[in-house]
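Chains: A, B, C and D, in written order; residue numbering restarts at 1 for each.
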Amino acid sequence: MTVAAQMLQTYPKDLGGLDPEKLATCVEACFECAAACTACADACLSEDMVAELTTCVRVNQDCADLCETTGRVLSRHTGYDPDLTRCVLLACAVACKACATECESHARAHEHCRVCAEACRRCEQACRALLDDLGGVS
Amino acid sequence: MTVAAQMLQTYPKDLGGLDPEKLATCVEACFECAAACTACADACLSEDMVAELTTCVRVNQDCADLCETTGRVLSRHTGYDPDLTRCVLLACAVACKACATECESHARAHEHCRVCAEACRRCEQACRALLDDLGGVS
Amino acid sequence: MTVAAQMLQTYPKDLGGLDPEKLATCVEACFECAAACTACADACLSEDMVAELTTCVRVNQDCADLCETTGRVLSRHTGYDPDLTRCVLLACAVACKACATECESHARAHEHCRVCAEACRRCEQACRALLDDLGGVS
Amino acid sequence: MTVAAQMLQTYPKDLGGLDPEKLATCVEACFECAAACTACADACLSEDMVAELTTCVRVNQDCADLCETTGRVLSRHTGYDPDLTRCVLLACAVACKACATECESHARAHEHCRVCAEACRRCEQACRALLDDLGGVS
């Protein structure tokens, strides 16, 4: 069991009706995607053709920041607010989709973009699955 | 002139049609609100009646993370993406409103909550002003 | 192979002489510890005896922020600076040790503190192993 | 009075013997420097000669992350730990110095680097002033 899943399991109160498995999957996907995007931004920066990758660096950085913030918000259950959770998940899904699309466009040329795009797609899906669970918006 | 405004003024390319003044105001409001919320969470934690302030601590932390991420996203102009900007601004405005409402509810008892609520309201307004500028949320 | 390890393997230039395995272990430990500490702070906040856990919440938050920043710094290899890396690793190890010590002191009463303390100890060790690799702190 | 100073003034307990003015100056300098570095990284990314500025982008990002974490740690007073504060301040001062040095080396060519270098120097000085106050290490 991952540390994120263990932390959910040991939370002393209830989780506001969220599915613990979908929640754990989403928290893990967010932090994994944040890590991948931080590394991908730097790998792009080290490519000789960096001038053609500046949009990728930028979207990587936005996605890293949003995934990290989303992972943090989803790791807090005290005083749970479904409206805020929905807005954050939606912004995260949009950032992941934008980053995945950008990274996929040069995944053949750059292995780091291929790995990063996969992490972004997993995170986008996990955010959308949790949004479905929450109802409304999405 | 603030450092945020100076950084906007020295950006070498154009700003994607965003109003530089509203943008500077919003960036500053985001970072100021993030700082206020981080401090307010800790001030609540030090109150003797902390057990009654746990929701405030939580919403402070969410708001700090979202404001910081929003301030960062708004500080990047390369490869500007209006859809992502809109979603992030909306999530930030929702977080600021939730935190302002919570802090206002005990602003009389706790000066730090009063100061923090004001920073949250300023940030919420700045995000909404920039959203208006960007046109309809998709 | 984890995403962090894959990102290291696909980095297009060299890694400044750092051992890729120790580096991957440390990056993963930092992000795992950041996640554990964020969740532990919130779990403490939800305990009925929160008034006795405020130091734990605080040190959890510091440790989360430091581990995340350290994980980010270690995920960037372009323009590698060993002096900065050393200082950051040292600050992270100190934060992890402080958080582990605090969490261990009530690990019997709170399962989340036990899980978090273990993540902190793993991260502290990973930081120290990488510091050894880097040679004397200047 | 800035929001950071107001938050310090409304903190309900004592500040562990730290000088409130030096503390407020340092918190503000950290958050200002984080904002400047985030913007400078993106401004460098938008320059036609980005390939010559990749080290600057990287050190900007490290400095932004460290300043933000340091500003957060310094905004928390509950359960104050002077050893951790010292290590964090030292790492932040080292990051600010590295970033200032890099930015100064092309401050004539790029106005954003000039503004950013000044923010880094202010933050480095504020961290060192607080370290002096704390005694030991430094």
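Basically, a residue touches a chain if its C-beta (ideal position, glycine included) is under 8 Å from a C-beta of that chain, and two chains touch if they have at least 3 such contacts.
Just so you know, these numbers come straight off a predicted model, no measurement behind them.
At the interface between subunit B and subunit C, two copies of one sequence, more than half of the residue numbers in use appear on both sides, so the contact is built from largely the same positions. The greatest centre-to-centre gap from subunit D, using C-alpha centroids, is found for A. Centre-to-centre separation between subunit C and subunit D, using Cα means, comes to 21 Å.
For this pair, subunit A with subunit D, the centres built from the Cα atoms lie 27 Å apart.
Contacts with at least two other chains are made by residues 42, 45-46, 54, 57-58, 61, 68, 72, 76, 78 of subunit C.
With chains as nodes and touching pairs as edges, the resulting graph is complete, every pair of chains being joined.
Chain contact summary for the complex, subunit B toward subunit C: residues 41-42, 45-46, 48, 50-51, 54, 57-58, 61.
Against subunit D, the residues of subunit B that register as touching in their complex are 3-4, 6-8, 10-13, 27, 31-32, 34-36, 38-40, 42-43, 45-47, 64, 68, 71-72, 75-78, 110-112, 114-116, 119. Against subunit B, the residues of subunit A that register as touching in their complex are 54-59, 61-62, 65-66, 68-69, 72-73, 76, 78-79, 81, 83-84, 87-88, 90-91, 94-95, 98.
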